[in-house]
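Structures incoming, each one as C-alpha cells.
Consider the two complexes below, in which subunit A is the common component and subunit B and subunit C are the respective partners.
So, the complex of A and B:
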C-alpha cells in the first residue's frame, strides 16, 4: 500500500508501455473506468510482460477511484500468446 | 508445425507441478512436464531455509533439498515422465483444444494433451510510487533468485517493503549474504509472517516498522534512498517523513496467481481475496469447470509450498483416474486431511475461507468420471 504521490512526480504503473498513474487517473475521470477501455486508450498492460506487472495495480486504482470492490473490477481478456513470440517462428510453423 | 500429444500435460515444474507429475506417473499415466525456466524446482530451489508444516511435506528440510527429493522421485518414473525445460506454454486455443509452446526463442510447436494440470505458480505484486522505475527497485522474490540461484548480490543496503514471510525471509537471507537491512516497513498493523522469522530479524537489530510504507524512491539514475512515512488505519500518511539511505528497495507485498492459461481454456474464474486474486473454481479433485483442466499450487491460490505439493498430488491422481488408471481408493481423502492439517492456525483459517468460496461440490451437467 503506497502513499499518494505529490504533484509532478511520475509514477509508472506500466513500465513496458510507460504509462503513468497520473494518465490513468485522468482517463478514469473521463469515464474510461475498466481495464479493457484503459488498455485501448493507453496501451497499459499491452507490452512484453502482458500486464503481469501492472494489471493488479490498475485494477486497484479503478476500484479506489470508482468505489467498487476489487472483486467487481473485471480483469482484461487474456488472449494468446501470453509471452511474445517472434513472428518469423510462427510463419515457419505455417509452412507444413 | 510439430504437434505432441501426451496423456497428461503438466504446465510448471515447481512444487505443485513436480508433485502432480510424480503422482500421475505412479498411477501409470504418461506425463509431459513443461517448465519455462532453465531449471526444474520452481521457487523451491532458492529456499535456503527450513520448511515448517508437517512431516509428510518435509518439515525441517530446506526448500532446495525438497526440490531434490521431488526430482529424485520424478527420476524414478523416467520411462513415463518427459520433461521440457526452457519451454513456455504460450497459449491455449479452444477451437482445437491445442496449446502452443515455445522452446527458448527458437522453436514453436503444439501440444494436444488429454488432460492438463495448470501449475503455473504466481507472480510478484508491485506497488506504485514515484521513481519506482529506477534500477534498484526489485521484487523481493526476484532478489532471492538473484542471490540464492545466481549468486548475484543486488546491493549493499536495502529497504524491505512488506513484513510477510517473503519480506522477512529475504531480509534475513540478505543479511546472511552481507547486505545491510536498513528497515522493514509494513503498511498493516501487524507482522504478516511467522513470528520465528520476525524474531530472528529483530534479534539482529533491524527495525520492523508497522503502519509504515514507502512514499517514494530517491535517486537520479539509480536508487540512493527512500522516503518512508507512517500510515493511519485508512492507509493515509500520518507523522513525519523519514529519509532512509539505501541502494536497494525490495517489494514484498504479496503474490498473485498466474492464471492466463486457465482463463483461455474457459475455466470459470473468480476473484477471491483470501487466495490473492483471480483463481479457477475447482472441485475436490482440483478439476476446473473445463473437464480437461486441473489446477494446483499458487496458480490455484497463494499458499505455502507444502500445500502446493499436496494439491499437486491430488491433481495428478485425479487426472490419472479420469484417464482410467486405477488409483487407490480414499487417497484423495487422505490428501485432503493433510491439507486440513497444513491449514490449521490463523493464516490457514483465511485460506480455508477462500477455498470455501471457490470450491464446488460437482459440475453442472457433468457425468461422474
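So, the complex of A and C:
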C-alpha cells in the first residue's frame, strides 16, 4: 500500500503538530529511524493527542523504510495524563 | 554501520555535552572521533530538560560560562546550518524574602561586573515583561533580557549533524561497559558492541558519568537527582513570554514560541534510582503554583508530564578536565544546567585537548576541588 500521493499534495501524518510524511521520510533517510528520535526532531506525536492519531502510521512508515518487521519498531514512552486535563481542575484538588 | 575499533578520541554519551564536544573537537581538526550512546541521541537528560539558557548566576564561573554560552547560542543557527529554536524572552527571577533578595542582588552586582546586563525591576515592570503575573507576595524581581531558551532536540541534532559532516562517527544503542586503563593512562573503552582503542576518552555520560568514571577507578561525588516537569497544550502567545523562576518559590515556568507552557519544580524525596518516573503529586503541586502566579492558566490543559535526571555535584558547578587517569577527561556534573552551558563547555574542553588556550580558564572545575574542600555552592538553582 502506498500512501504517497501522485499529485504533490502534502500528507499530514501528525495533525496536532502538522508533520508531513515527506518530513518523516527525509529524517528516516538521515538515520533517525526510531519513534523516539523522530518525535524529538519533528515533534511528531507530541501534540495534545499524544500520538494517538499518528503513532501507528509512523511505526508503519519506519518498518516500511527500514525493512524491519513492525513488531521490532518500538513505540514511544506513554506519558501521563492519559488525556489533557485542565490546570484549574488539578489546582483545586486535594487539601491544602 | 562498520565498526571502528580504533579512534583518536572516544566520547561516551550522546546528550548535548557529548555532541557539542565532538563537534568542537572535529572543528579544531581532530580526525577519527567516535561517540557512543547507550540509547538514542538526546534520549536522556538533554531531551527531558526545560532548556532554559541564562547568565544570571551566583558564582563567577557559572556567570562566565553562562554569558559565553549565550554569545555562542546567538550565532548557532549560522554556525551549525540548522535552526536551534533560540528564543530570548529573558529570565525574570522572583524573590520572596529579604535574604533571597540580598542573594539575588549580590548575584546581579557580580553579573554586572562581568558584563552581564541584568537589573532589578519593579512589580509594574515585571508585569510588562510577564503580563498577568500575580506575585503580590514577592519582594523583588531581577531580569536579564538576553536569557531565554532553545529547543534541546534541535540543538543536539544540529550539533550532531554538523559533527557528522566533519567526520564524527556516532554509534547509538552502544553502551560503555568498561574503561581500559594501563599504567594509569586511558587506552580506550569496552562497549556492548565491541572494543574501541583510543588514546583519549571523554566521559560525557551525564547522570551516568559517576558510573563510567568508576570503570576507570575514579570516584566522582556526583549524584543523579530526579526532577519532574510538565507541558501544556499550545495556546496563544503572551501567557508567560519570559522564563519565570524562583529559587525559594521553587518553580520555573515559560511559554515556548510553539505555544506550550513548560514548567517544573524541585523534587521532594525521590530516591537515586535512575528511574524517570512521574507522580500525580507533582502535577497537582505545579498546577497550584501556576494558578497562584498566573491565574489565567487555569483553563489551559496539561498535555504531558515526565521527569529527567540532574547530574548533581556538591557545589552545583560542573566537573570539566582531566582526571587522575591520564587522558581520561570529564565534562559532567552540570547539575541541571548542561543544556545551556553545552556550547561553551564543548568548545573550551576541545580547545584544551587540542593544546590551545581555552576561552575560559576552567582549571577550578577540576573534580579534586571537592576533596580539597575548595568548592563554593551556587545559590541560583531550582
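Structure notes:
Here is the rule we use: the second predicted complex is superposed on the first by the 87 of 96 C-alpha atoms of A that agree within 3 Å, B and C clash if a C-alpha of one lies under 4 Å from a C-alpha of the other, contacts with A are read in each partner's own complex, and residues count from 1 in each chain.
Throughout what follows, a residue touches a chain if its C-beta (ideal position, glycine included) is under 8 Å from a C-beta of that chain, and two chains touch if they have at least 3 such contacts.
Just so it is clear, the model here is predicted, and its values are computed rather than measured.
In this superposed model built on subunit A, subunit B and subunit C occupy separate space and fit side by side. With both structures placed on the common chain, the touch criterion links A:80 to subunit B and to subunit C.
After overlaying the two complexes on the shared chain, residue contacts for A:57 are found with subunit B alone; subunit C is out of touch.
For subunit A, the partner that touches more of its residues is B, with subunit B and subunit C as the two candidates.
In the superposition on chain A, A:47 makes contact with subunit C only, not with subunit B. In the superposition on chain A, contact is made by A:36 with subunit C only, not with subunit B. The minimum CA-CA separation between subunit B and subunit C in the overlaid arrangement is 6 Å, rounded to the whole angstrom.
Overlap of the subunit B and subunit C interfaces on subunit A: residues 50, 77, 79-81, 85-86, 90, 93-94.
Within the complex formed with subunit B, the residues of subunit A that make contact are 1-6, 9-13, 15, 21, 50, 52-54, 56-57, 61, 70-71, 75, 77-83, 85-86, 89-90, 92-94, 96. Residues of subunit B that touch subunit A in their complex: 1, 88-93, 100, 102, 105-109, 123, 125-133, 187-188, 213-216, 229, 231, 235-237, 253, 256, 258, 260-261, 263-264, 271, 273, 277-278.
Those residues of subunit C that touch subunit A in the shared complex are 40-43, 47, 153-154, 157, 161, 232-234, 258, 278, 280, 283-284, 287-288, 290-291, 297-306. Within the complex, the subunit A residues that touch subunit C are 30, 32, 34, 36-37, 40-41, 43, 46-48, 50, 77, 79-81, 84-88, 90-91, 93-94.
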